[in-house]
Amino acid sequence: MRKLVRSQSKKEGLAPGSAVFVGIKRAKAVETHVIDFDETQIIEKQLRSIEECLEYKDRPTVTWINVIGLHESKMIQALAEGFGLHPLVQSDILNTTQRPKFDDYGDYHYANLKMVQWDHEKNESISEQVSLVLGPNYVLSFQERPGDVFEPIRNRLRTDKGRIRTMKSDYLVYCLMDAIVDGYFTILEHLGDKIEEIELAVVDKPGPDTLKDIHRIKREGLLLRKGIWPFREVISGLDRSESELLSKATHLYLRDVYDHTVQVIDTMETFRDLLAGMLDTYLSSLSNRMNEVMKVLTIIATIFIPLTFIAGVYGMNFKNIPEVQWQGGYVFALVIMAIIACGMLYFFRRKKWL
Amino acid sequence: MRKLVRSQSKKEGLAPGSAVFVGIKRAKAVETHVIDFDETQIIEKQLRSIEECLEYKDRPTVTWINVIGLHESKMIQALAEGFGLHPLVQSDILNTTQRPKFDDYGDYHYANLKMVQWDHEKNESISEQVSLVLGPNYVLSFQERPGDVFEPIRNRLRTDKGRIRTMKSDYLVYCLMDAIVDGYFTILEHLGDKIEEIELAVVDKPGPDTLKDIHRIKREGLLLRKGIWPFREVISGLDRSESELLSKATHLYLRDVYDHTVQVIDTMETFRDLLAGMLDTYLSSLSNRMNEVMKVLTIIATIFIPLTFIAGVYGMNFKNIPEVQWQGGYVFALVIMAIIACGMLYFFRRKKWL
Amino acid sequence: MRKLVRSQSKKEGLAPGSAVFVGIKRAKAVETHVIDFDETQIIEKQLRSIEECLEYKDRPTVTWINVIGLHESKMIQALAEGFGLHPLVQSDILNTTQRPKFDDYGDYHYANLKMVQWDHEKNESISEQVSLVLGPNYVLSFQERPGDVFEPIRNRLRTDKGRIRTMKSDYLVYCLMDAIVDGYFTILEHLGDKIEEIELAVVDKPGPDTLKDIHRIKREGLLLRKGIWPFREVISGLDRSESELLSKATHLYLRDVYDHTVQVIDTMETFRDLLAGMLDTYLSSLSNRMNEVMKVLTIIATIFIPLTFIAGVYGMNFKNIPEVQWQGGYVFALVIMAIIACGMLYFFRRKKWL
Amino acid sequence: MRKLVRSQSKKEGLAPGSAVFVGIKRAKAVETHVIDFDETQIIEKQLRSIEECLEYKDRPTVTWINVIGLHESKMIQALAEGFGLHPLVQSDILNTTQRPKFDDYGDYHYANLKMVQWDHEKNESISEQVSLVLGPNYVLSFQERPGDVFEPIRNRLRTDKGRIRTMKSDYLVYCLMDAIVDGYFTILEHLGDKIEEIELAVVDKPGPDTLKDIHRIKREGLLLRKGIWPFREVISGLDRSESELLSKATHLYLRDVYDHTVQVIDTMETFRDLLAGMLDTYLSSLSNRMNEVMKVLTIIATIFIPLTFIAGVYGMNFKNIPEVQWQGGYVFALVIMAIIACGMLYFFRRKKWL
Amino acid sequence: MRKLVRSQSKKEGLAPGSAVFVGIKRAKAVETHVIDFDETQIIEKQLRSIEECLEYKDRPTVTWINVIGLHESKMIQALAEGFGLHPLVQSDILNTTQRPKFDDYGDYHYANLKMVQWDHEKNESISEQVSLVLGPNYVLSFQERPGDVFEPIRNRLRTDKGRIRTMKSDYLVYCLMDAIVDGYFTILEHLGDKIEEIELAVVDKPGPDTLKDIHRIKREGLLLRKGIWPFREVISGLDRSESELLSKATHLYLRDVYDHTVQVIDTMETFRDLLAGMLDTYLSSLSNRMNEVMKVLTIIATIFIPLTFIAGVYGMNFKNIPEVQWQGGYVFALVIMAIIACGMLYFFRRKKWL
């Protein structure tokens, strides 16, 4: 299961805003992937040196520099300084435990989001931090791991489909954000399917596993919520910033992403309510079953206990038990027992236990 | 039961805002139904070609084009482009998983609502997305399935009742929205009746079915809520837009629909609270019954267990049990048993268990 | 019990804002009661024709026309039209399922409230819709049933007590609203008394009736809430409307009613919390009792089960059971049993079950 | 226990805003206590006539008139009219069931608070309404009972400690409010102590008393909340009123009281959460104990029931039971019983019930 | 465990805003630690007299005076007066039960925070009040105990790392606040670890200790919340104050701390939800186990009770029980018993209890 809190202890004792990588170190080297395009041409490269990156900064074409892996903090810092980013931005890029946020630095904007993907093996969502820097004609994106939700965007760029090649960097950032929100929809579908499974199980055959499943989905939902709620603030922050970096058309698109984000949140709240209801139903089902078990026990026990008592009485070895001497004593005893048993059954029927 | 989340996966990997149909495909062809009217005359037609539609665009009369079925996305797109709708609107019309929303595009307004109807066979509500486009002298409405809540409006148009024929397209849109909200009231009545049934059952004869019913209504309510909450925002968005498309009189009417929407939401919240209370009551009823069962068991068991023990003692085969040799031994044993039984009963009465 | 949702189905298929009576039809004829007063004189009449009403419209004196019974919708409509009320107002007056609301129509104001009274026979609150129309020198009030909370106001008018005869129609409307809010306080007192009764019962002798009572009061509270929450908006709407119909002094009084409304809401929230707490207490009490019952059963059973077993062993018919042949066998068996019983009791005492 | 709702029925049928005493009548006469001071001198008197009071109205010194007891409504009214208070204020002073509120009447301010004190005998808080009227150079305070939280202020005035003698009436009102808020802190300490007691009891030895205690504190908290929440609004209302009655320095002090009020509310919310948690813990503890009891019963019963059955079998009187005739039959039976018992114990151990 | 409410009773009866120490007295003397620095040099001293402190007031260098221990209120007061602090500030510094707050006094700012540290011995968080005064070129900090989270800042100052030596007093205050917020992250990590432990325990082996742990963490969280929620207001208050004491750069840094604070709050809310879920899971687990226990009991009891009854019947001493005389009577009885036992087992299997 995903950790609840990622340790930040490496940062303790350092100057606030120090650019130190806080996250899980990976063996792979940091990859830097550049796509530089305008309406007429597109260049795609894998870079290893910072200098190569920097030369894209002032080109009139739109440049998207995607950095995969954050553990080589010096390199990241060099890149960030090359693009003139504030020390706090450098620190935010490297500290992957951040809450999603948006900051307007005038010349460029910084946003910080949680990208989610479904891990089909572990059957749970994985989340990682994506930092986006929107400059006049460049977009920097920083992610922790290879594998992201941006592949369709790259394909659209390569195949020159849709508006993307004719628009500026702000539209590209919108596309990236839209892809991230779409990632949440995928997770919601997975969770929705699971919840429907649990819904059936909870009434028909509730067991300890049902409980574990409810707990799991709940936890999953709580962690997702932490990522998507501030997402809304990020987008509305970007939308409200009266920056020249954003064209009027892009604002329209941003509002669309905003609507999607609200829809994700809405659905998550519905899931939350459904899960709460399911736990109640589960508990009620358990109580119901317990009741049934108890009833069977009670009926069997209360019928036979008096009968066994009578049998015990006539099993006593007293010299002069008159009934024992009777000719029809045995039948007499059996008849009494039958009467008691029937009386009991009648009582239970009247109580509607049978 | 209605699905919690409709799959959007067809959209994955496409440009954001692509106009792709997301919903359940139906076999039937897309129907296009046109009503064109002014104070003096009314024309009603079933169209199949886009061109026919477009000629209504600039007529001075009010035109209502109702498209039933969204699965032929090309046709929808052609129509939308013919009326000059923004690509985002085209995408919103086709994506039926949208959250209700309102967008002001200057020349025209786009709104997106969930229409609900009661499915008398399945005994649950069905919901579908209705898109409304309000232009200067036309109204476009898009729905997924045949069968809607607009029939009375068509009849009023045909029979020239009320204000509807003398007003402009904004009043028609108001009428459509009002009809959709009225649909929610119908659902609320059905749910209200069901809740009152459950209310009786929960105290008198609670069973596993009661639980299932509570869970069902709760779920129904949660899904309805997702549709009606943003409805309020849609209407107030339309009301606040200082557009020339809306006459002053229509604002008054819109506020009326708004009040109705709030009333639906209020009633839904009351239902929610009632259902929460009912589940508690249900659980308490179960506990009560359990208690009663346990008491009966305990009383029977605790009275007879000591008696049976005594019978067992005098059933032992020891050589010299003095009581066994007594003349009145049997009566003596029975008397002792009676005393114990009475003592027990007295004890229970004092504990107020009887 | 009060219905949760009143059917509006009669309205389905009609033009929105149609003036159709939605409510429970009564046999009695509609009564129209008029009080016309100024500082020096007062006239009180029972009218049956609309024309008679209309002549009061433009008199300089203050006229209060109180219509009791709404089922003759034509008459109501005629009256409303006579006073120049908007069709939406006519529809609102007749639709008794409305949510309380306030509308400013310029020349006159319309408000819509839920009047509550305590039904001493059924021991529950009854609620009906009261519509108020405040004009320059008239007040129209519409109620569904005879019997209201306005009698003291009529008496004050008749006996010329207080400010009421010297003030204008706005003060009269304030008085009516104040009387309606005071009606809620009466209900709160009844509910408060009941809640205190339940509070005692819940700890001392909880039973299924306690549960029903809690559920009942909760329901009562939920329905009241639906009436009083929007009340607040109505009054603040009236207070904020910068209408010439309201004198400066009246604003002061309105704020006082507003404070009372908030107090009703506050008290209702406290009741709600108390009831929630009581249900928890009730469930805990049940669990407590169950525990006690279980303990008695367990103690009796666990003491006697081993003893009965021993008795059973020595009741076996085996040829050579040595103990049976012993002279002191019987005493030996009794002693062993006593030891086991004491051991058990010691064990229970250590576990603090006794 | 404190009543939930004080009856207002005496007011029913009277003009709204009538000055009628609503509260519990006391035998004692109304006391009027006056302190008149400036920097150089202080006069303290017990008055009985209204005229005496009124002469303090226009003195340049600061006058604090404290009225103890509200049941002689005529006298209160005369005083209020002497100071030119609005009829609504007179009514608010006498109606002790009011929600705390602040009203700005231009020349003077009216505030209405709940003063709480700890009743050491009944071990619960008592609350009464205090009305404060702040005039240019006088402060009127009205309370229901003798005994208040203002004694330290009187002492400070008498002994000329602190700023109080050098400041105007606004500072005096601040001091009174501060004393009232401090009263809440005292109650919080008492409640906090009780909650800590319950915290220990709930896990170690939960019993029905624990439940009663939780319920009691909860109720206490709910009633306190009703008094302190609007307190905040009162103070911020006073602070925001741009009145000349308040000096700039006093605003600073008011913000301090405001902070204290928020702290009281915060602590109360924490208590509320703690108590909710405790009830859960209590219920869990009960379930835990129940489980333990059930386990003991089950273990004892399931071990001995089969053994007793075997003993019963060999106690049957059939002619030819072969085992009974065996030489080692008795030992054989005992061995079988031992094996069964051991098997059972092994089973329980594996289930981790032992 | 930490006390819920610290007693303020020492303050009762004193003038509001009196500077009296409210907190736990410590034996150690008050320490005053001064660091005075600019870009070129740094002086660090341990002072004992107030006069020594005051001479730093007007130096152009930045001076940080850290007072450890608040129980010598006279000394604190003298220092505060030396720096010209308002009496309310003096009172706030000494009253350690304050809610965190920010006050803008024009020349200087006062803020009041809860510093938390993890007590590794008691395994719980400890919290103490830290008061910060930000002047033009000095920072005063007051804490109750030795041992704080500021050591790294001192080290940075000494070793001249980062920006801190080149910036003014506002940056120093930012650093202190950042260090305090970082302290909360440390606590969150500890709590997160504990919650994950409980998560495992709650499903696998729930016991009374799990319950205590949940309760403990919940309590811990509630107390932390009381400290961190107002923290947000403090920082945003400082950020919004348009004071000249804060440079533009510092505002950027403050927003960063603000984001961290929100992140702490978010995480705490997530913990809260998780803990609530865990308690539910715990209760469900208990119910599950109870169910299992009950089933075993019921199965054993209901199988053997009828068998024992039959054995009892044939153990009766009646003269003429025909079966007893039969040759195959014993076998006949055993067969009947076997049939009953199998029937029962079949019944349980059908009920899916086995």
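The first chain written gets the first letter, and so on, giving A, B, C, D and E; residue counts start at 1 in each chain.
Note that in this section a residue touches a chain if its C-beta (ideal position, glycine included) is under 8 Å from a C-beta of that chain, and two chains touch if they have at least 3 such contacts.
These numbers were taken from a predicted model, which means no experiment stands behind them.
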Statement: Touching chain A and chain C alike are B
Task: Would you pick out the chains that touch chain C and also touch chain D?
output: none
Message: Quick check on chain A against chain B: do more than half of the interface residue numbers occur in both copies, making it same, or fewer, making it different?
response: different
- prompt: Just how far, in Å, is the C-alpha centre of chain C from the one of chain B?
  reply: 25
Query: Counting in whole Å, what is the centre-to-centre distance of chain B and chain D, each centre being its mean C-alpha position?
result: 41
Query: Of all the residues in chain D, which ones touch at least 2 other chains?
result: 283, 287, 290, 294, 297, 301, 305, 308, 312, 315-317, 321
Query: Which word fits the touch map of the chains here: line, ring, star, complete or other?
result: ring
Message: Under that contact definition the chains make a ring. Starting at chain A and heading to chain B next, list them in order.
response: A, B, C, D, E
Statement: Residue positions on chain E within touch of chain A in the complex are 151-152, 155-156, 161-164, 174-175, 178-179, 182, 185-186, 188-189, 192, 195-196, 199, 203, 252-253, 255-257, 259, 262-263, 266-267, 270-271, 273-274, 277-278, 280-281, 283-285, 287-288, 290-291, 294-295, 297-298, 301-302, 305-306, 308-309, 312-313, 315-322, 351-353
Field: Touching residues on chain E, where the partner in the complex is chain D
entry: 3-5, 7-9, 11-18, 86, 88, 98-99, 101, 103, 205, 207-208, 211-212, 214-215, 218-219, 222-223, 225-226, 229-230, 279, 282-283, 286-287, 289-290, 293-294, 296-297, 300-301, 304-305, 307-308, 311-312, 314-317, 321, 323-327, 329-330, 333-334
